[in-house]
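There are two complexes below, and they share chain A, which is joined by chain B in the first and by chain C in the second.
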Partner chain A sequence: MNAQAFIPEINALICGFFVLSAFAMVVVRQIGACLGVFIAQSLLLALSAFVLGASPFSWHLYAVGIVTLLSKVIVIPWLLRRFVPGEIYTLREISQSIDVPTALLIALALALVGFVLGTRLVTAAPLLATQNVIVGLASLLIGALVLAVRREAVPQMLGILAMENAAFLAGIAIAPDFPLIAELAIAFDVPLLAFIVAILTRAVYRRVGSTAVGELAALREHPQ
Partner chain B sequence: MILFVAVLLPVLAALWCAFPRSERGAPVVTASFIAASFLLTIWIAACTAARGQVVAVGDWVQVDAFAVVLMLAIATVSFGAAVYSTGYIAHLNPPPQRVRLYYANFSLFIVSMLAISVCVEPGLAWIAVELTTLLSVLLVSFADTPEALEAAWKYMVITLLGATVAVLGVLVLFWAQHAAGGTTFTYAGLAADAHRMNPVLVSAAFALLLIGFGAKIGLFPMHTWLPDAHSQAPAPVCAILSGVETSAVLYVLIRLAATFRAIPAVHADLWFAIFGAASLVAAALLIVQTHDLKRLFAFSTVEHMGIMLLAASITTAAGGIGLVWQMLSHALAKSLCFFAAGGVALVAGTTEIAKLRGLQARAPLVGTMLLIGALAIAGAPPFAVFLSELAIALAAVYAGHVWIAVVLLLFVGIAFAGMMGKVTSVVLGREDVHREIGRLPRSTAVVLVCAAVPVLVLGFWIPGGLAHLFSTAATEMVAP
Partner chain C sequence: MSIATTFGLNLLQLAFVVGLAPLFSGIAGRWRENIQGKRGPSIWQPYRDLRKLFAKEDRRSESATWIARFAPYAVCLSPMLVTLLIPVLTDFPLFGAFAGDMLAAGFILGIGGFFLTLAAVDTGVPYGAMGASRTRMVGFLAEPVLIVILFAVSFVANSTIPYIVQQQWVHPPAHFFSPAHVLVLVAFFMLIIAETGRLPVDNPLGHFELAMIEESRVLDFSGRSFALLKWGSAMKMVVLAVVFVNVLFAPWGLATTPVLQALAQAIIAVFIKIVVLLAVLVVVETSFSKLRLFRIAEYLGGAFVVAVTAMIAAVLSP
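Take a look at the complex of A and B:
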């Protein structure tokens, strides 16, 4: 039996863990643990790129995997630790806008929607790795839920980064030869994003005294 | 080559601001580099009018008539805003480090917007759009008040959420083209291969891109962040955000429209019309309710994005001319409005409409310019926006979409009434509050007066070269 036969199975396993990590992002309450989930998810994205790039061999996907490792597993966590005040990471988020069981149910429904839409897409055009598209779409929708549920700055922005991971999990399957120059630029874009968010989070912490951005509601059309 | 120089020149200004103790020269250096970029853009526009296009790197970085009109709008408004900033920011008297941060960020933000207009590869265009968000967030939060930080945070979260949805749309489009055997991943290449692509994939890409970029354009119902961000940022930044940034993202969507139109099952024009009409109607009704000058003009941006999307849904050359014309006239008129609103904030210390009654008597220059700006943006003759809106309505009637013309005229009328009711109470109302009135910095006053000139002139006369660019752009849109 040769190793190539295992590749779809290994990739399916990675995708399974990926969708689990998307659920974990909704559930995990401690902000530091949330960051941990994000790092694990990025690792899975890189692994999937390596596995898909192994056969047929694609240096392009290897480059994507290495860049993902560098930017999302090393640089972004470092930036967030460096610029966001340390005490935030030990916080446990109490005031979510929806309680955890309800959020999980909604996440489940979104995952189903993602699976249905993804299945329609992959039947439209032949593809090497169909799991990536389906899991990517489901995780993208769950990532949007994280943004709606979370009120703290750091988890909200980890939700955005998780959505980006999901888009790229689908991307490495549907567009493995996407222009490398564009992909590299996107990879540099993401640490810039983390840097800007970290700066803004620090400013909010300094001015408002907490980072519960969901509670900020001074701007609206108030009647006189 | 000239394209790269024009787009990247302001990077040098940003580098200059990186040096310690550069804050004294930063305003002048920034304004001069952006002025140089503005002059080069005029040169590029002249070349494009003569030759049809200017190419730096084929299939990656090039401009045609439509792109160069957008580039012209961006460069003009940026130049005005850069000069306006010199007086405005100095008047706020921030610490030196924040001055350097402001000007460095400002220059890079302008580079990212110019980049949208010159990239013809959708992947690169997406990166440029994402960079406009990242590079303007810290400008929105410049005031460093809880309100400004809240506005910046909302702006960032919603537009970045949109960006991640849009990036998947770009990737699906790439997939659809490659599955159909196409290789040239550009606006024109996609349109050429479109009829061979799988309709399911193109529909999915359209939905992802319309929602993703729609969030950044401020289309209803994803517009909620827009009045916050466009009112909390410093006035020159508001002028750019409202005047050209939203249009630049709309430009990317309209450039891809030819691809979506090739597949009838996508119903691209129907969706454009639905989102356009919804944004126009919602914004017109919100304009009537708002109590703040800057929010008033921000809602007017949502209104104008709706009008432009309606124009895009009319697939005739006349509709295309109306769209390009509206893009330019909106940029010029809206920046004038925000320059005037910034002037109001400087002299009166607030932009709340109820507290500004009778401003005209105390600050005649600012009051007059505010009135001109509001008349111009609301679509009164003899200003440029009046003509472009009329062109769109006529194009809709000739194309057989009478309902578009009816919705357009009705809700532009409501928005006009709402806006003029509020602005006339500021300008002409009887003075009942005696407020301390400050002085307007000289550079700010000069820009305020100069910004009104093109708005008025383009209402009477369009130079031959510009008219040629408009009609070429319209044919590019219909058949790329």
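Take a look at the complex of A and C:
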């Protein structure tokens, strides 16, 4: 009984760390660290699903948690480590379209927008796990920023996946009884995306010697 | 409760901070070496250093003015004054509790830093002036973080008096587990690292003058002045740690009644809490390398963003 009363609280704690991980994604420079942040964020998502699935017991939320653990914590990092050349992870300075402090301030503004909109949304339609929606919306916008700012292939894809994580975090609070087909679609879709990006990155790196997407603006007939 | 009791307890808190500050820095120093696989100095080494320094002659450069003589006392006194404002051992407000709030505590700590900065320029050592300007850079970047953290805290607790914050901020479990709480803790932790000159902002053990930030200000001090500076910075660390563990993070285990047994328990509990915080700090310190100077702006900018998000979460929490 007592443990059940603590479920919303523990969930709110997880949400706090989740929004922190969204900011970390903007700040972190090295690609390896970026991947680490993504793994941590996916772990938090899975934890939130497990915690929310415990109180009114829900198989669907457990399925979401297990699918997240398998695909985003194990398979995707393995794919990226396996197929993207190792030198990329050790690069110190990665290419960005805006410098980190500016990106942080924009992330802050986006978080504000997310929090305001999320709070409106939650008061309009009362939910069990209000923090999930608010934090999910804010993190979704920050993930979009990562996608826009980073000009390297792998971090850009991690930005998409972070958006997806955030949407899921809000989703498990809005619709606890997910249709199974959505879970399975995610389970197959997302690793495939990672796989394709990894293979492409590998090919581009072999030919061009860099994965800075920002420098691939002009078309060239012959590689240098 | 009579004024005499609360005043006495205030003095007991002061004695706790002043007396144990070198021990805490000794423990941190020993663990730092242990983690790197070395045996490290005894945890009592800071006391021995202080005794040695107090016995030595206090030499001062010829061009130095009264500021260089006064600065060590200001550095040593400012954390002692702050100790009177914060709940070190007791749960109930003491004699000095309402003399100033957390912002005042921040400013009083700033006075010590201000005089030390002036003194570093005053002595005429070029490295001192360089360190002074760098410390100011870290300082003015850290200040907005502190203020926004206080905003976030006061939106929840409706006060910035540390004793009241301690009662309101984390006691209802919904407050303790809220996202705002997590974010405030992270921001304040980053702030402690910057304010006390630890890695990744500054390397307190570095001996390369061009890379120093905090330490280069004390290069030209010796004897009693140097001892006071060392003791003062150890006390500042303890004061910030006390605010972190007793006001913001885990306000449990404090004495609720002015009984001897309760106070003894509180001393042990607070000691353990600070030691745990030191352990985390030492792990963070040894797992990061020093940031380049202009990356410090990014580091504290990150802390600022986290603090502002905490404030937004605190204001908008449904």
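Definition applied: the second predicted complex is superposed on the first by the 215 of 224 C-alpha atoms of A that agree within 3 Å, B and C clash if a C-alpha of one lies under 4 Å from a C-alpha of the other, contacts with A are read in each partner's own complex, and residues count from 1 in each chain.
The rule is short, and it goes like this: a residue touches a chain if its C-beta (ideal position, glycine included) is under 8 Å from a C-beta of that chain, and two chains touch if they have at least 3 such contacts.
Note that this is a predicted model, so its numbers are computed, not measured.
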| item | value |
| --- | --- |
| Chain C versus chain B on the shared chain A, clash or fit after superposition | fit |
| Partner chain(s) touched by A:6 [first = chain B, second = chain C, both, neither] | second |
| Partner chain(s) touched by A:197 [first = chain B, second = chain C, both, neither] | first |
| Touched partner set for A:182, first chain B, second chain C, both or neither | first |
| Partner chain in contact with A:135 - chain B first, chain C second, else both or neither | second |
| Touching partner for A:147 - first (chain B), second (chain C), both, neither | first |
| Partner chain in contact with A:54 - chain B first, chain C second, else both or neither | neither |
| Which superposed partner A:16 touches (first chain B, second chain C, both, neither) | second |
| Chain A residues touched - chain C or chain B, whichever exceeds | B |
| Three-chain overlay, closest Cα atoms of chain B and chain C, distance in Å | 18 |
| Those residues of chain A which chain B touches in one complex and chain C touches in the other | none |
| Residues of chain C touching chain A in the complex | 173-174, 176-183, 186, 297-298, 301-302, 305-306, 308-309, 312-313, 316, 318 |
| Residues of chain A defined as touching chain B within the complex | 117, 120-121, 124-126, 136-137, 140, 143-144, 147, 153, 156-157, 160, 163-164, 166-167, 170-171, 174-175, 177-179, 181-183, 185-186, 189, 192-193, 196-197, 199-200, 203-204, 207-208, 213, 216-219, 221-222, 224 |
| Interface residues, chain B side, partner chain A - complex | 121, 123-124, 126-127, 130-131, 134, 137-138, 141, 144-147, 149-154, 156-157, 160-161, 164-165, 167-168, 171-172, 174-176, 178-179, 185, 198, 200-201, 204, 227-228, 232, 286, 289-291, 295, 354 |
| Chain A to chain C touching residues, read off their complex | 6, 8-10, 12-13, 15-17, 19-20, 23, 27, 100-101, 104-105, 107-108, 111-112, 115-116, 119, 122-123, 130-131, 134-135, 138 |
